[in-house]
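Sharing a structure, written as structure tokens. Questions coming.
Read from first to last, the chains carry the letters A, B, C, D, E and F; within each, the first residue is number 1.
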Amino acid sequence: MSEKIAEQYKVKTEPFYRPVSNEVELYQAAYARRMPVMLKGPTGCGKSRFVEYMAWKLGRPLITVACNEDMTASDLVGRFLLDKDGTKWQDGPLTTAARIGAICYLDEVVEARQDTTVVIHPLTDHRRSLPLDKKGELVEAHKDFQLVISYNPGYQSLMKDLKQSTKQRFGAMNFDYPDAVLEAEIVAKEAGVDADIAKKLVQIAHRARNLKGHGLDEGISTRLLVYAGQMIAEGVEPLAACQMTLVTPLTDDPDMRETLEAAVHTFFVS
Amino acid sequence: MSEKIAEQYKVKTEPFYRPVSNEVELYQAAYARRMPVMLKGPTGCGKSRFVEYMAWKLGRPLITVACNEDMTASDLVGRFLLDKDGTKWQDGPLTTAARIGAICYLDEVVEARQDTTVVIHPLTDHRRSLPLDKKGELVEAHKDFQLVISYNPGYQSLMKDLKQSTKQRFGAMNFDYPDAVLEAEIVAKEAGVDADIAKKLVQIAHRARNLKGHGLDEGISTRLLVYAGQMIAEGVEPLAACQMTLVTPLTDDPDMRETLEAAVHTFFVS
Amino acid sequence: MSEKIAEQYKVKTEPFYRPVSNEVELYQAAYARRMPVMLKGPTGCGKSRFVEYMAWKLGRPLITVACNEDMTASDLVGRFLLDKDGTKWQDGPLTTAARIGAICYLDEVVEARQDTTVVIHPLTDHRRSLPLDKKGELVEAHKDFQLVISYNPGYQSLMKDLKQSTKQRFGAMNFDYPDAVLEAEIVAKEAGVDADIAKKLVQIAHRARNLKGHGLDEGISTRLLVYAGQMIAEGVEPLAACQMTLVTPLTDDPDMRETLEAAVHTFFVS
Amino acid sequence: MSEKIAEQYKVKTEPFYRPVSNEVELYQAAYARRMPVMLKGPTGCGKSRFVEYMAWKLGRPLITVACNEDMTASDLVGRFLLDKDGTKWQDGPLTTAARIGAICYLDEVVEARQDTTVVIHPLTDHRRSLPLDKKGELVEAHKDFQLVISYNPGYQSLMKDLKQSTKQRFGAMNFDYPDAVLEAEIVAKEAGVDADIAKKLVQIAHRARNLKGHGLDEGISTRLLVYAGQMIAEGVEPLAACQMTLVTPLTDDPDMRETLEAAVHTFFVS
Amino acid sequence: MSEKIAEQYKVKTEPFYRPVSNEVELYQAAYARRMPVMLKGPTGCGKSRFVEYMAWKLGRPLITVACNEDMTASDLVGRFLLDKDGTKWQDGPLTTAARIGAICYLDEVVEARQDTTVVIHPLTDHRRSLPLDKKGELVEAHKDFQLVISYNPGYQSLMKDLKQSTKQRFGAMNFDYPDAVLEAEIVAKEAGVDADIAKKLVQIAHRARNLKGHGLDEGISTRLLVYAGQMIAEGVEPLAACQMTLVTPLTDDPDMRETLEAAVHTFFVS
Amino acid sequence: MSEKIAEQYKVKTEPFYRPVSNEVELYQAAYARRMPVMLKGPTGCGKSRFVEYMAWKLGRPLITVACNEDMTASDLVGRFLLDKDGTKWQDGPLTTAARIGAICYLDEVVEARQDTTVVIHPLTDHRRSLPLDKKGELVEAHKDFQLVISYNPGYQSLMKDLKQSTKQRFGAMNFDYPDAVLEAEIVAKEAGVDADIAKKLVQIAHRARNLKGHGLDEGISTRLLVYAGQMIAEGVEPLAACQMTLVTPLTDDPDMRETLEAAVHTFFVS
């Protein structure tokens, strides 16, 4: 039964991932000890893709949960559902992951309420267990289970930060956008544009990323560069394509828009 | 089964829509790549009508959800209902759209709570899937599924804005009121008034739109111009018709009312 | 079935309503186009009575909902109820009105939470439909259905105001207290007092209404004048009757009480 | 059925009530027109007793509801309960009162949330009906039904006050503590002490009531005087009895305690 | 049935209680009239023990409820529970007490939300009844029923205080720590230490109680003295015992800790 | 039955714990009297491990509950669950512990809402009982039951602190990180590194702990030192291992990162 579930969460094909540094080796060492891992970095820099890649490389099922402030502990752990014979317990994604030995990836965990973050404590110390208080069961984690969380330091505020007693349960890895050559390669491959256009798009992104904290909350992500390339590949004129994917989504501030448009015009002349 | 549902959401007759610029082509290119699209613009400038038109043109079913701050993730994704045999899962509108390959249009998404906006993440990246955590099912989106959201930049405040990790999942298009000639044509056609009256109504609107940010929160929408025309077509005296549709709905401020009434009197003498 | 329900909501006898200006004609023109209508005006000036009168005149059923800040969208739209055979859907008042072609009157809509006001959007544009998301049904409004809302501009604050995207869906009509002659006629008829007493009561009200914004939140309504007349008709001494109905309900401020009592004493000597 | 319920709410024995002024006649006139009535006055001055007395005098059943800020509209109107055959509607106290023609007394209505106060609107104008939205029934009030509310002006704050649109649905009567002779008579009768002791207790109360707003939130109520008398009648020494019933319950402020104790010592020497 | 329940709540053995003043007689007089009683005093001074003692002395069952801010009126009054035959009403502790004639003790009532405190009103005036609105039953209190509440004046703030309309329903008694001789006797008896050690512990407590309001929120309670004695009786060195029971639990402030430790060292030399 | 449950919560193998001072003897004395115990100290200093060790030493089952601000009293005490025959009561972890005579450990109790902390009151005084109000049962605690809570004084704020009436129910013990020699021994044993590396890691920790309150919220815990050792034991270069486990998890502040990195470089040269 649990093997059948595990199969469903396996990553079937190798995700496209190009290592930037020694992150693959570090993760493998952490996984060898089943150390919980925290991935830090800005929006769209590839944290989710990396976890997917590692799950594929390690041959482990991957269960991803997008955290949010309305998520309750029951959303992670499970709950009783009404049934024709009364109530039936249904495991939540965290419990399933603990049972089948999956990598459980809690994306943007800092968004969750405290009950979520506290729920993971017994899974992240020597106990490696998950008490289902409402069911009266203590789930011992499968030997291959590992917990991974991500968070974006740019979002964290005084109100929303992980508690130290949570933070200190994780080894942590910093992520950032890939370097220019690698990023251009990614854009070219995923959007289907030539190397020259890809390189120009990355150059625009670099200009925009320098504006982070000077009018922009966040730089242009690799994903948006791929969008721009896709529009161009569909025959849209580059200026219009960049306007739609690199300028308009990012900001409503007229000055910032103008600055971004100027960056686009530097590389694509109408 | 799903084809029967799809049929129900098909736009049967061509909606009246007059392109302003290259928006139709841009949307088609985005749809070709199933890129999620964000429509930005003021109240009543035609965003909803545009999506309806594109759904008709592309021959795709359209499922529209008016977002609000009390909407939960379950309202989008689905929930278990009690049944004589226990519980039965019922898909929410987003899940239905993902299954049948509809265009799902989340109107005024910025009004929704964060759990709604986070729910759409896995549908808007390479995964194109929707995990139904409570049901334990992972819905792979139909190949024709696309997500469209709208938001009004004028509303956005520090408290209510989309997160960057959400924004950067969308290509974005700006919308504004149609130009004077086109807008007069729309008013004449939809209200059933002659070109002269329609032109006068549009001129009044242009004066009012200049007051946005100088006492008015929002300019007069095309919809209200149509209302004014309809009242006149029903035989109501133009001044009374404009008072009821272009002045009284907009503001309770005596000075602004007087300014708007003066604009009306410039074009319609009693 | 729906005709039987419609019958139940018909206004059986002509409500007593005396037009003040051209409001009946304006409403009829709006109804001819099924334009949503917003009635603005102070407490007790006759907005509810006017809708009732128009429903009678147009021969349409009337469904009234008193809005409040704890009302949810489900209170308007409907919900599933448990049944011996599982769950059964029950239409809310707005859905019922849309099905049977009633005039649906949302009284003091500004009190409601945003989910209520957003729910009415698809019923107030070209779609004229109401999606029952939880039931998975799209209700097309009956051709005779119309939506009317009321709101009291005096209440509106920065926190509680309709959004522009809601306001711009309505034609709007201003209401105020009836003029002195008409109001005296109403008081005499409804309370059963002679014209002289009715006239004096109206004169007291006029003095009090001038105090609005200068110590009183709201002027004396026509309803309270009728109450005063009823007490007098029951044999209560006029000073005591006015104290009970025109002074004590309005304010706890000793100075304002004295001012109101002085106004009463000007017209009724003990 | 409804007669059997009515019988249960009848006031069986004449409550002890001594009229202070013309309040009985005013109430009777209001009841003759079924005018909703609001009773204003400080804690423990006899408002509840008066309603009970009038219900007895008019031979009407009385249903009392102590309002509080956690009370919902359903607590007043009714709700569906689960049953072995599914769900069963159960009338709330307001609905019951409307059906059987009782006087419904909402005590301290200003404590309730706005949905409670809005719920009573249709019962307090010419409609005299109560829509049970969740059940889809419109209850026409029994011809003998009347609504009475109480509120303590001393409590009302900017946050918690009745809306003008609610206030202007009621005739209002002011209540205060009974005069010295009458109050002493009440204390003597209810506590079982002689006239001299009762008179002294009332004199202490008069001193304390002068402190209202000068360190005390509220004066000593008649109820506390009766308590003091009861303790004395049980053989407790008067100083200890007054300490327990007239000083300690009122305040924790050392200065105010001393002032109150001095007042007690003036009349009872140890 | 109700006698069997009553038996279960009887206090079987005489609680150890040493009267400080005339509190037993005052309580007996209040109980003779079934007057509601409020016990005021600091943490751990013996209020709960006193009620228990009086229940034993009067031979009445005692039902104690620890109030808290999340407690609802239903937690006191009762609720419907689902059953195989539908729903079954289950009395809450207050209702049970009213039915069987118990003393109902609401500990720290000021912590409860307002709906709790309002619920007790009809049980604390001439009505002596408890309306179970949700069940449609009016419970007449058993002739032996009495209500007792406690509250700690030190906690009360502007936000959390009993309303005057609640306070004035109770006779009130002040409690404080027992005097030195009596307290030492209690500590010796309950901890099993000799009189000398008990006396020293009480002397430490007296020093700490003087710090209340000067760095300590509350003085050392008799309970903590008993704890200290118990540790010593178990063979723990007095300084370590006092550190664990009289210093560490009270404060995290380094200065206050030092002051408390100095007080301990004065009486116990290492 | 309860013995079978007890067996499940027994600590089967001796946890690795090295006493720092007389804490084992103090705990044993407290347990002999079943005195409730509060453990105070920073994150990751070994409080949870100590309780586990004592439970093993005393041969008692241990039930641990990670408290959080969304935890309700029902989560501790138990609740009714729907069943095919209606509802069935299910004990919560606190109730189970009270029945089977376990040590119940409420970790980070200050995070819980007040209803949780109030619930434990009757279990922590002479009553040693737990009223299940919703079930109408009074659970007498098993003679071996003991309550232990932990809290981190560094977290406590004005908003979140235990009430004095709760604090004064516990003997309290202070915990801190183990001394350098002992900590190195722990790191060497648990991570599998040699004594020299373990010593260096502890020295880094000592530098970081001095930064607590000067830019760091909390020092490096023993757990993180073990993580660092594990990475090194897996062949990761020491600088990278320390970056991942001792620097990145703790802070996002660039200055603090640099300071921590400098501390690492002092002991491990690249």
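Everything that follows uses one rule, which is that contacts are C-beta pairs under 8 Å (C-beta built on N, C-alpha and C of every residue); 3 or more make two chains touch, one makes a residue touch a chain.
Keep in mind that this is a model prediction, so the values were computed, not measured.
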Distance-maximising chain from chain F - centres being C-alpha averages
C
From the C-alpha centre of chain C to that of chain D, how far is it in Å?
30
Could you state the distance in Å from the CA-based centre of chain D to that of chain F?
52
Using mean CA coordinates as chain centres, what's the gap between chain A and chain D in Å?
60
Residue numbers of chain A (touch at least two other chains)
82, 84-85
Can you list every chain round the ring, opening with chain B and moving on to chain C?
B, C, D, E, F, A
Of all residues in chain E, which touch chain D in the complex?
22, 25-26, 29-30, 32-33, 35, 38, 40, 72-73, 80, 82, 84-87, 113-115, 118-119, 121-122, 125-126, 131, 133-134, 136, 138, 153, 156, 163-165, 167-174
Mind listing the chain E positions that touch chain F in their complex?
8, 43-44, 48, 64-71, 75, 79, 81-85, 88, 90-93, 96, 107-108, 111, 152, 155, 217-218, 220-221, 223-224, 227, 230-231, 234-236, 240, 244-245, 248-250, 252
